[in-house]
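Next, two complexes with chain A in common: one pairs it with chain B, the other with chain C.
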Partner chain A sequence: MQAYKEVVVKTPLPLRILPYLSVAVFLLIWELAVRTGMIPSVLLAPPSQVFSLFIDKLTQPNPDGAVLAVHAWTSLQEALIGYGLSLLVGIPLGLAMGWFRVVEGLARPIFELIRPIPPIAWIPLTVFWFGIGLAGKVFIIWIAGIVPCVINSYVGVRMTQPTLIQMARTYGANDWQIFCGLCVPSALPMVFGALQIALAYCWTNLVGAELLAANTGLGYLITMGGRLARPDIVVLGMVSVGVSGAVLGFIIDCIEKRLLAGIRR
Partner chain B sequence: MTPSSLLPRLKIHCEAIDKTFIQKGHVEVPVIKDINLDVAENEFLVVLGPGQCGKSTLLRIIAGLETPDAGYVLLDGQPVTGPGPDRGLVFQGYMLFAWRTVLGNVEMGLKLRNVPRRERHAVARRYIKLVGLEGFEKYYPHQLSGGMKQRTGIARAYANSPDVMLLDEPFGQLDAQTRMFMQHETIRIWEQEKRTVVFVTNNIDEALFLADRVILMEGKLPGRIKKEYVVDLPRPRDHGHPDLLRLREAISEEIALVL
Partner chain C sequence: MSRAIANETVGISGGREGFSFYRCITNTWFLYCVSLSVFFLVWDRVAAWRIFGDSLAQPLVVLDKLYELTQIRFAGTNLGGHIWASTRRVLIGFSLASAIAVPLGLCMALNRYTNAVVKPVFDLFKPMPPIAWVSISILWFGVGEFSKIFIIAIGTFVPCLLNSYNGVRLVEPELYDVIRVLGGKRKDEIIEVCFPASFPAIFAGLQISLSVAWTCLLAAELMNARDGMGFLIKRGMDTYQPALVLGGMILIALMAWLSSLAITLIERRLCPWKTGIENL
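Right after this comes the complex of A and B.
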């Protein structure tokens, strides 16, 4: 067998600049809409104003009490701890639910009941249990992230080729060996899918979690912007959540590609 | 020359096997009915029949993956109650682990039986060589052609040192040329390492090229054994051999009747 030559197929230039063009036009229309007064500036800040606020907030803690980096760091900490815990609990639980009928029978009904409850509905209970510190927010984010972890891992194991399982049995593999050696590896692509979905769930529920009496965090920044009637602060908070979420997603995507390289199909 | 005239040891004995599948929870589909079959040690038996005639089910019952509703299978006089390493199964769809190399796939059975690493590598390499895949030990299934994948499947079954090889339309997914080539290879491998073989196929030429004995199944459900043909010709066989052609004609006529 001969190694094939690798050829890089490049996307044509006009197609490659399209994403940039789209963002530029979007920002331009937004800016003009506010500048021309089509949208009153008390309701929406133009991108230029948000950008200058961004520069200020790099060094200025006022009016919301902390510089942007502190807000971002707080949120990142909460989100990553919650995310990590949801992976740690959700993936093994989902995998086990997919293979062991006892685990499925015990865990599935409870999981199905908890699943439809929006994570922010847990806020009051969370305040009772954990107060308003880091733990409470982590708990909300954990609840948000665990759902896709469990579902994807569960489905991944369930989708294992039945003939492969029979094949393993003819070679004398026991249940545990089939689970570890066959079901888990063949579920991995689905599990990696869960990494992305769970991250998105965690990150979007961050703002909800920070509705808890917080004093820093990107969600808090948005809430403060609302209280101070400062649309520029609100937009800055929203954009920060969006951009840092996208960056996190990109990082997870890279890690996923690395890990999946070993189990190409 | 019939197998019984040589008085070879009886390897597999199927006694009055019935199997009915329940489809959609309530529809009963009788798949095989009253199958009686003896296979001698180191015999190459081919079960021939069109699609949907219960031949794979018969193989899966011998493998222990299905339990018959009536009747039983004896292997060396012992009843078959489930799958076991004494029977190596080769599947139509290759059924390789995509995340393991050729070596990893071939040594799977040995690894499951806790054979030490060095020893199982040696055994796996021996069979990889036997099936002609030497040099491809580190390749992953997606890097292999269909024929090479099935060689891996055959090596995997052999490496587990089974007494009986059960092959379920192993070349069904290969193109015609690769298929013919693999038939030659099958005979070459089998002559080097004799095993009792039950080989299921829907292809008359494949059956006649390989078999000591061909079992023809009825063409409709429930599957029954229609007729039996002894192919007493030296190997490797020539598809154009007059005796082979005569048998082919006889079987074709029988199949035409069956259908």
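Right after this comes the complex of A and C.
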């Protein structure tokens, strides 16, 4: 005998159809607006044309000098290296800033000075320092990603339950033991929150870095599209940046779910 | 976010004890001073010893450059004019976007049908970085003022909408129960519970979108502009003047910081019930 009855939550039919309908209508209006000439085709490319260009770009390096996969791979490489470095530096720094007063006193003012500068403002300096190669872009992405990492891990440590800390003290734990055994684990959910935010920041600033100084990459694809007045290339670039960003975010989300399976949020 | 801050971690300096050298050098303000002076000293020395060649200016040279710009007309206007040109773009774009996005987000959270229509289309645009719109907005609106405002508006729209949407959805269900027990209607629920409870989230969204707005502004102005702080940076880049680049960076950081401070102050006036971590 079944001890429970399965609860079926019914969403009304319109609510299930509407999302698909609205996307379909949106694409249809876009397509029609361009096809009928309401929006001139030099300004916007219809979705069908973007799609056929996408198929072409998988094999054709013209007119911007590389196939789509090469652009995507360049961007991915830069983003992931910068992202990894910013996690590597930002999270330990933030954790330490949350617990050790000396570290906070030393690092906080510099951090507060750097924080309000939009990462793409560093582009000219990085071009001076590193040229337009990989290193410069990685630097910009690193700067972009480090801010949310530091803030989130700092706040995570700060939000540790005071009762637990007091208990640990009562049992005779020293500072370092409390930090490793208590503050770091309890900051983990916040730290993982930072992974997503930092990824979004990195991805945004990657495009910025590539718009200005690059010779391959998805951002470069967009710039070239603009320069050649080819709206289909621009839209294709935007869509591929969006899609690959979303895929990366999804992967991080899955990893996060696996690692944090037992932790209550 | 209403948990108490660990009182251990808030630096309590202890009672009135005798002078101790160790406590003196670990005093927070002392450490702040040390860190800042080391930072500026290193910057100054690195620039003076030309570790990066000519491409880093000493802090004082940068200040000098900024002062010089207030005196002369650079590309048609002096420093104040450049700052105002940028600020005006941010203000227009930001207020346009937030005026549309915040109500739309509230509507989406309150009405399932609006949500079902708008959310999927919004989700299509959400993962696109705002900077990716730079090229197409130049294509659409030319290089004038409107294309810059458009990018800023696009960039600020997403966080505004997301936060007001989530702000309403994450309202604690107990609050609804309370208002229902007290005999409130749906209207009371919305006005008395949803709006006040989602205020902090909306302001957090405004805060985020403001910083996005400055980034977008910079991207737009770096691509092409005839005035504004991004123009100063770009001109510094083209003519290889690190002092001008650094000056522009400092200015834009200052303005971003000031505007976020303004939002914080307004927030404190408008919703004093906000709880959370005030630090950082």
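Points to keep in mind about this one:
By our rule, the second predicted complex is superposed on the first by the 239 of 265 C-alpha atoms of A that agree within 3 Å, B and C clash if a C-alpha of one lies under 4 Å from a C-alpha of the other, contacts with A are read in each partner's own complex, and residues count from 1 in each chain.
Just so we're on the same page, a contact is a pair of C-beta atoms (placed from the backbone, for glycine too) under 8 Å apart; a residue touches a chain by one contact, two chains touch by 3 or more.
Since this is a predicted model, take the numbers as computed values, not measurements.
In the superposition on chain A, contact of A:170 is made with chain B only, not with chain C. Judged by the touch definition given at the top, the superposed model places A:161 against both chain B and chain C. The larger set of touched chain A residues comes from C, when the choice is between chain B and chain C. Within the superposed three-chain model, A:185 lies in touch with chain B and out of touch with chain C [touch as defined at top].
After overlaying the two complexes on the shared chain, residue contacts for A:142 are found with neither chain B nor chain C.
With both structures placed on the common chain, the touch criterion links A:22 to chain C but leaves chain B unconnected.
Shared contact residues of chain A with chain B and chain C: 161, 166, 169.
On the chain B side of its complex with chain A, the touching residues are 63-65, 82-85, 87-89, 91, 93, 95, 97-99, 108-109, 112-113, 136, 139-140, 142-143, 160. Chain A makes touch with chain B in their complex at residues 1, 161, 163-164, 166-173, 177, 182, 185-186, 188, 262-265. Interface residues of chain C, counted against chain A in their complex, comprise 3-9, 11, 26-28, 30-32, 34-36, 39, 52, 55-56, 112-113, 116-121, 124-125, 127-136, 138-140, 211, 214-215, 218-219, 222-223, 233-234, 236-237, 240, 242, 245-246, 248-249, 252-254, 256-257, 260, 277, 279-280.
Chain A contributes residues 14-15, 18-23, 26, 42-44, 98-99, 101-102, 104-110, 113, 116-125, 127-129, 151, 154-155, 157-162, 165-166, 169, 203-208, 211-212, 219, 222-223, 225-226, 229, 231, 234-235, 237-239, 241-243, 245-246, 249 to its touches with chain C in the complex.
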